[in-house]
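Two complexes, one shared chain (subunit A), two partners (subunit B, subunit C).
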Partner chain A sequence: MSTATTDITGLGMAFGTLEEGRAWAGRTSEPKQAWFPIDRSMVLYYCSLVEDANPRYWEGDECPPGLLMTLGFNPQWTPEHLHRDDSLFALNVPLPGHHIINASTTTELERRPRVGDHVSIVEEIVSVSPEKTTRIGTGVFITSLTTYSDQHGEVIARNTNVLFRYDITARDTSAETEEQP
Partner chain B sequence: MTATTAGLRFDDVAVGDEITPVSIPITYKRICMNAAATWDWFPGHHDPEYARSQGQQTIYLSTLFFHGFVDRGLGDWAGPDALLRRRKISMIKSIYPGQTATLTGRVVGKREVDGTGLVDLELMVSSEEGPCVPSEATLQLPTGPVRS
Partner chain C sequence: MTTTTPTMPTSPVALTEGDEMPASEFGPLTRSHIVRYAGAGGDFNPIHHDEEFARSAGMPGVFGMGLLHGGLLGQRLAAWVGLAHIRAFRIRFTGQVWPGDVLSFTGSVTGVREQDGERLADLTLAVTRQTGDPAITATAVVRVA
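Right, the complex of A and B next:
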């Protein structure tokens, strides 16, 4: 596996050894607030994407729960004095792999998200698996738990995400697995 | 008909019921919309060269698309009063431009918890290449008599 530390994704991934990465299990991020509250344009662009005609979104003030993960993404560029170095916590786990692909998400909702919710996000690294080889490469599964709360501290939802961080390796199908942790 | 009476109620649903299938054509435009609408600028979703470097055919749909697509299909079937309580998706195969994403599913369980009516579903997003995103969901449906 390459030891180069070039972030070819442009997402700010941290690099390190497998042992360094696995030691991150149990770490929790500082709370961060989304760049701005959920707004109507976000909701309607998202509904356009999946052609969702739900009147709660088009004629009401609710937000599709599928959009919650968006609130953790930072703008692609900011003026220097507004820069925040708090991209997805799972990408901060130092590991050898240069590629990522999401494997699964499990979202549990306490209430419907709404336009005007200014969401705060806390992320916990639940586990970093031993190294595994799948059909797309060799790497580890990072399981993280993200809690989304509103500006009043009320939990809106919790999302468990499993991300595969890997490098492409010569194919040896005898060792491949589709399993996740 | 108002939004509060348009959808399925807990008593309307039986184990084995199938949701109304939903299909959507996937184009380069929709995958670009996917990145822009969700702020997910991971290059696998907008840069074909990067996508191929990670072993993909070209750019592909993201997690957040599948969240919205699954939820849209559930809402189309159950109506706007259905409340999503839980959704799990697992991405086992990518979906690319030129393919069609189709959601199917069926009711696998019903239960009442603390006075709420919960319906459990098994779902699948498929393309012409076969199953891509096996999923599960739990919906809370209105119980009791229909309000006028």
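Right, the complex of A and C next:
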């Protein structure tokens, strides 16, 4: 694996050893408020993409749950005085891998998200797997539990996500696991 | 491209084991869909929009975000059973989707049970490429009549 520590994705990834990364299991982030409250333009751009004609979205004030998971991303650029160093917590886990890809996601909804919700996000690193080799590279699976609450503290949803963080390796299929990706 | 989406049920629907979600397709997937998802969702991981970067990450080229076709599957599930009745939705990404792909969406009821005074149906769902390769396998628990 490469030992370089440059975040070539621009997503705010932290770097360290496998042991440092695995020690993050059990850590919980500080609450982070999404940059933007959910607004109608976000909802309509998303519904236009996934071709969702539900009038609760187009003519009402509800928001597709699929948008919740996107609220943790920070803008690609901000004025310096507004800069926040709080990218997705799972990306802060110090590890060697330079690439990320999602492996699975599970959502449990407590209520439907709505336009105007200014979501707070708390992420817990549930586990960091031992190093594994898959068909795309060698790395670790990071499992995180994210809780989305509104500005009044009411929980909207919980999402368990598994991320594969990896570097590409010369293929040696004898070492590949059956896990995706 | 436009798709006619049935009105979402507001009351729990009657489902029994073996019932199937109305089959549907999406695509061909284009780079514009990928860019639109990045803009709508804020996912600017260059593996999805930068060909050279994607190749350096071991991929043959750019590919769709998992939550793009995951969102499409969720929309179809909600149109079938009603968003308010979805108790849990679990997605496992089993392969990438690529520009040019036509995606098929399927689902079926594997069982119906009583729990805490509710009738719940267990569902399996899938997103499949035109090659037959699965891109997503998913499960859901939904309230039914």
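In this section, the second predicted complex is superposed on the first by the 178 of 181 C-alpha atoms of A that agree within 3 Å, B and C clash if a C-alpha of one lies under 4 Å from a C-alpha of the other, contacts with A are read in each partner's own complex, and residues count from 1 in each chain.
Quick note on the criterion: a residue touches a chain if its C-beta (ideal position, glycine included) is under 8 Å from a C-beta of that chain, and two chains touch if they have at least 3 such contacts.
Bear in mind that the values here come from a model prediction, so they are computed numbers and not experimental data.
Student: Following the overlay on subunit A, give me a clash-or-fit verdict for subunit B and subunit C.
Tutor: These partners clash in the superposed model.
Student: Between subunit B (first) and subunit C (second), which does A:T17 come into contact with in this model arrangement: first, second, both, or neither?
Tutor: The answer is neither, since A:T17 touches no partner chain.
Student: Applying the touch criterion given at the start, work out whether A:Q151 contacts subunit B, subunit C, both or neither, answering first, second, both or neither.
Tutor: A:Q151 sits against neither subunit B nor subunit C.
Student: Let me test your reading of the model: by the given contact rule, A:V50 touches which partner, first (subunit B), second (subunit C), both or neither?
Tutor: The answer is both, since A:V50 touches subunit B and subunit C.
Student: Quick one: classify A:T78 as touching subunit B (first), subunit C (second), both or neither.
Tutor: After superposition on chain A, A:T78 lies in contact with neither partner.
Student: For subunit A, give the residues common to its interface with subunit B and its interface with subunit C.
Tutor: The answer is residues 8-11, 42, 45-46, 48-56, 64-67, 69-70, 73, 75-76, 99-109, 112, 136-137, 168, 180 of subunit A.
Student: How about subunit C: which of its residues touch subunit A in the complex?
Tutor: Against subunit A, subunit C makes touches at 1-5, 7-8, 26, 33, 36-37, 39-47, 53, 56-59, 65-68, 70-72, 74-75, 78-79, 83-84, 86-96.
Student: Inside the complex, what are the residues of subunit A that reach subunit C?
Tutor: Against subunit C, the touching part of subunit A is residues 8-11, 42, 45-46, 48-56, 64-67, 69-71, 73, 75-76, 98-109, 112, 136-137, 168, 180-181.
Student: For subunit A, which residues are in contact with subunit B within the complex?
Tutor: Contact set of subunit A toward subunit B: 8-11, 42, 45-56, 60, 64-67, 69-70, 73, 75-76, 99-109, 112, 136-137, 168, 178, 180.
Student: Which of the residues in subunit B end up touching subunit A in this complex?
Tutor: Residues 3, 24, 30, 33-34, 36-44, 50, 53-55, 62-65, 67-72, 75-76, 80, 83-92.
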